[in-house]
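Chain lettering (A, B, C and D) follows the sequence in which the chains are written, and residue indices restart at 1 in each chain.
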Amino acid sequence: MTAPLLEVVDLTKRFGGVSAVDGVSFAAAPQEITTVIGPNGAGKTTLFNLITGFVPPTSGDVIYRGQRITGMPAPQVAGAGIIRTFQNLIIFNETTVVENVMVGCHRWTRTGFIQAALALPAAVREDRTVRETAMAALALVGLEGRAHDRARDLPFGQQRLLEVARALVARPALLLLDEPTAGLSAQEAQHLVALIRRLRADGVTFVVIEHNMDVVMDAADRVIVLEYGEKIAEGPPQAVQRDPRVIAAYLGEEVPGP
Amino acid sequence: MTARPLSRRLIILAAAAAGTAGLLAPAPPAGGQGAPIKIGTVFAVTGPASSLGKPEKDTATMLQSQLQSAGGIGGRPVQIISYDSETDPTKAVLLIKKAVTEDNAVAVVGGTTSPESQAMADYAMAAEVPFMSVAASTTLSVPTRAWVFQTPQRNATAAAKALEYLVAIHAKTFAFLYRNDDFGQDGLVALRTYGLHQGVALVDAEPFAATDTDLSVQVARARVKNPDAMVVWSTPPTASIAAKNIRQLGIRAPILESHGIANRAFIQLAGPAAEGVVFPAGKLLVAGRLPAGDPQKALLEKYASDFEAANRYAASTFGGHAYDGITMLADALRHVGPDKARIREYLEHVRGFIGTGGTFNMSPQDHNGLGTRDMVLVVIKNGAWDLWK
Amino acid sequence: MLALLPQLLLTGITIGSIYALIALGFVLIYGVTGILNFAQGEFSMLGALVCATLLAWHLPLATAALISVAATCVLGALTERLAVEPAFGAHPLTLIIITFGVSMALRGLALMLWGADPYALPEFTPGPPLVLLGGVLVRQAVWAIGLSVAVVGALFTFFVRTVPGAAVRACADNAFACRLVGISPRRVSLAAFTLSAALGAVAGIVITPITGATYDMGLGLGLKGFVAAVIGGLGNAPAAVVGGYLVGIIESLATGYLVPGYAGAITFLVLLAVLFLQREGVLHGAQRRQA
Amino acid sequence: MTRRGAGLALLACGIAGLPFLASSAYLLTVFNIIGLSTIVTLGLILLGSSGQVSLGQAAFYGLGAYGSALLSRDLGWSPWATIAIATAATAGVAYLVGVPTLRLAEHFFVLATLGFGIIVNVLMVQLVDVTGGASGLRDIPGLRIAGVSLAADRAFYYLVWGLALAALLLAQNITSHRTGRALRAILGSEVGAAALGVEVSRYKMQVFVASAAYAALAGGLYAHYIRFISPSPFSLYASLFFLIMAVVGGLTNIWGGLFGAALITILDQVIRAQVPRVFPRVGGEYQTAIYGILLVLIMIFFPSGIVRGALDLGRLLRPVGPEPAKGGSA
């Protein structure tokens, strides 16, 4: 087994007296697709917030490429190659679709304040590359026709795809997707799964929060189940699907004895 | 995609520029032999100093119609142009420039506050146009500048008059509560210096802001020093609040205020606390009580009744400063005509000119021409002004 | 210097009660519409000046006060209908500038009608100031303090204990949900402006016996009220009142114990220090929006 | 790109030619003040491009003015050098102010800038020995090039507008490219921007410092042009008016700085010039009221600023738009 790209060790976050995430540990190997499932309020999004530096953990560690990144500010985490999307979408409403995607290139572009102010040739060249990259990504998710529309005018499903395109152009090593298929049609969802597979083949590692069980079964290498902030199961999709604790968690029943 | 609207932007810009040029252009002067002589005025009709600037501007309007019905000066109509500087020195400079370059005013009266006057004075010097400042800051006419004149009694003059009171009541110490702006800071320097010479010592100085709503903290701090007299240098409402707070805190020492309280509002706001307050002022407030032989008496009574008839509110000394500046200019125009250099020359040698502020005796060394003899000490008695003996 | 303390505190409370009353007006409008109303101080100015004029026409104080509050209410409603409502949904800054335009217009109008001189109102209960612990407190200040507490109480009762109040609160959170339950956000906004104008007018009438009233008093009052309201977090009436008293007392202590001319600056330094230390006011990363 | 360049060049030509159309000293002074206000307002719009609002802009304007005036007047240094020094020093002050305040949430940041403005104004009034106090500072040296004075309105006109155009160009560049996208992303959502690696606090700081430098540069020019300064043009009220210029112009568009400053200044002058003509006996009180009402109307009809408003209007008037047809998938 290769060294994991991401390792989460005993991660805990308490808000007041409530544990949103409680001692969760897991590891994601390079090019692996891990899905995180669990009922609403299980702490899935908080887990993402902890990994990406938006919320400092109460205890535990996040290790990325063998380095401890616990508590690192969010922009630096993103800079290191961990890119995320948001469950309730964050679109830069007032700008165009293509510009939204172009922001995604921020991580690997270099134009600074002064170079921009003076419009140095390097800045102009970089701009051209960024625009081409963004257009290519839009084509990949099927939004090239709406590149110059205002982002907020897109329907919800297309905004979802826009967010994915924006994450893609960041050239992430690890991509955290928070319910990427919510609001997509079945066809769009399938298309997205295919895209994820293709990117995985190109070397990207995924952690995906997903509610759509078809997608989970179809795409995931491994499933992690959270309930009340704790990890209650982990394993290949089919195994997890049969886990009585998981079934109980989803159906809200008492856990039957083993 | 931002390229297309560019042409539109430029059209708008061009339109705006053309519009500016068109709208800002002065009205064509009334042609023919009766082309008016123009006097520019720039007062702070709005903004923090509006209680001074409003009567100044209303005085200018009143004088305009008086001059008109008198048939102008030397057969030519006189036009008094009024601008509002909003108590902003930058706008004051802009407007004096406008009066001089657009309207071709032969002289300018105005500059309600000292910063406005200072800024305008620098321009008047550069443009060589006679400027009658209506602000009281001592530095406006000390040292003398060729084109700059000043019609109010200087703050230093008022302070010297005020000190006469402290000396007369044998006060040895006084506390000074002042509004923290050019008016108050000017008064502080003057009273401290003069007091030193006359054996009245400043024991405490407490600044406050024009927008303050309660001054009992300043008063309480002053009370600790137990001064023989409380001196307040401000205008209402803070001048009234200070008087009220002094009495509320049980201080019985006499209260001396500045010439800035020379309007009815002070008495109304301070209520019973106004009783016995003494302040230096031009003679306008007590015109009715002046001895019959006073040279200013007739003029003051005429100004006050004219003003009240025209404006439905009582005349104040501030309007009087504008009155003096404009009438003195009219006098100069009558004698030497609309020539800036000759007006300046004439103003510099005005002697015995009777105005609301006093009897002006200008000289190349003194572009104010007033002294403590032109002021009186006024006491508030039964809610009215009276001469303090 | 400790002998000064009671007086400083009493003065601070007096000034603070004035700031608190203005802050309440800010909070009322901001809380339900999300608009910062820079014309709030003008409502106080108009209430006070109309009242002073009616008093000069020999009406009894209570009648004069009632009429002037009613008149200001109408003006508040007109402000909302003519200036704010047409720009509904615009950027908050645009709405702020609109209210600033309204405040300029009202100030100009007041200067036309009343001139630049200050006006007075008599104390509600005239008499010598009260002496407490060696400091004095003007009787009128007791009215102002009482009013600020009473208004907080009334607002609390309205918003928490009554059905329409709860509905209005819901609207502040979510305009869409509001429409779903049949309440028009526009009606709520109209009500907020009217009520806030009334509150402003009452505040103006109560504080004028202490401070006097001028056509431009709204600017200074509005600024201090705004500061107090922001310190209190803008959405919370009791906190805004506390903010008002806090600003008043800090100002008074700074004037009394430190260099008086710098009191304004020191007050702000202290307030800002409070803000930095209190994590509540600090948005740390995404914690809030993502929670 | 090239069209934008051409536009700027055209604008430059228009500005260069304006003094020949309207040559009175007064009009030139109005244009000069518009130029200065444009620079200050551009700073606010830069700041606004990242979603921040400041009520302390006039304080930075004042720091530039007082700094340059004092250094040149009392130490005898060349005004050119002192403007540069004052601008750099003010940028430094902005950095120090920004360290604690930029972390504050929206309203608290506005309050902090307001407080900063008041503190600076208090210092101007209070440090009488240094600043001349409330009475102001006189005898500030004028600008000269090779012994030739730039005090004349026309010479100063070319100086201030040259700098204003340069400021416009720089601001335009800053808000395009990678930096501009990052700033707009922060405006849209700080969280979303951070998730893509945008160093939110660094960008906010950079743009805050730049906006202060803009104001300080204009302040330095102002001091050596009017040659008298006092605390009042740098008060909270002035900050508010710069903000009004920015919002009226449009916070989302760099051109808003130019058009906002021009419209507000011209409006003021036109009201001043026209109201007395229509109502001969009235004074400034009517002007204030009318100004307030016009401000309300402008904001109602152009809620996103006049530049955006004009663009939208232009789009409406054009029969066949070049934009791709909308609504295909809506």
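Following the convention adopted for this analysis, a residue touches a chain if its C-beta (ideal position, glycine included) is under 8 Å from a C-beta of that chain, and two chains touch if they have at least 3 such contacts.
Molecules present, by chain and UniProt name: A = ABC transporter ATP-binding protein; B = ABC transporter substrate-binding protein; D = Branched-chain amino acid ABC transporter permease.
Since the structure is predicted, the reported quantities are computational estimates derived from the model, not experimental observations.
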Along the shortest chain of touching chains, how many steps lie between subunit A and subunit B?
2
Greatest separation from subunit C - chain, by CA centre
A
Selected pair, greater C-beta contact count between C-D and B-C
C-D
Would you mind checking which chain's mean C-alpha position lies nearest the centre of all protein C-alpha atoms?
D
Could you grab the centroid distance between subunit C and subunit D? Build each centroid from C-alpha atoms only and quote it in angstrom.
31
Using mean C-alpha positions as chain centres, tell me how far subunit A is from subunit D in Å, no decimals.
41
If you average the CA atoms of subunit A and of subunit C, how far apart do the two points sit, in angstrom?
46
For subunit A, jot down the residues that touch at least 2 other chains.
54, 73-74, 148
Overlap residues in subunit D, where contacts from two or more other chains coincide
125-126, 189, 191, 194, 284-285, 287-288
Touching two or more other chains, which residues of subunit C qualify?
108, 111, 219, 261, 264, 285-286, 290
Spell out the residues on subunit C that touch subunit B in their complex, using ranges where they run on.
3-4, 7-8, 10-11, 14-15, 18, 108, 111, 115-120, 129, 135-136, 138, 207, 210-212, 214-216, 219-220, 252, 255-256, 260-261, 263-264
Under the definition above, what is the set of subunit D residues touching subunit B in their complex?
3-4, 6-7, 10-11, 14, 18, 21-22, 24-27, 29-30, 33, 125-126, 128, 133-136, 138, 151, 222, 226-230, 232-233, 255, 258-259, 262-263, 266, 269-270, 272-274, 276-277, 281, 283-285, 287-288, 307, 310-311, 314, 322
Which subunit A residues qualify as touching subunit D in the complex?
52, 54, 73-76, 78-79, 83-86, 90-95, 99, 102-107, 109-113, 115-119, 123-124, 126-127, 130, 145-146, 148-149, 153, 155, 158, 166-167, 170
So in the complex, the part of subunit D that touches subunit C is made up of which residues?
53, 100-101, 103-108, 110-112, 114-116, 118-119, 122-123, 125-126, 189-191, 194, 236-237, 240, 243-244, 247-248, 251, 284-296, 299-300, 303-304
Under the stated contact criterion, what part of subunit C meets subunit D in this complex?
82-83, 86-87, 90-91, 93-95, 97-98, 100-109, 111-112, 219, 223, 227, 230-231, 234, 261-262, 264-265, 268-269, 271-272, 275-276, 281-286, 289-290
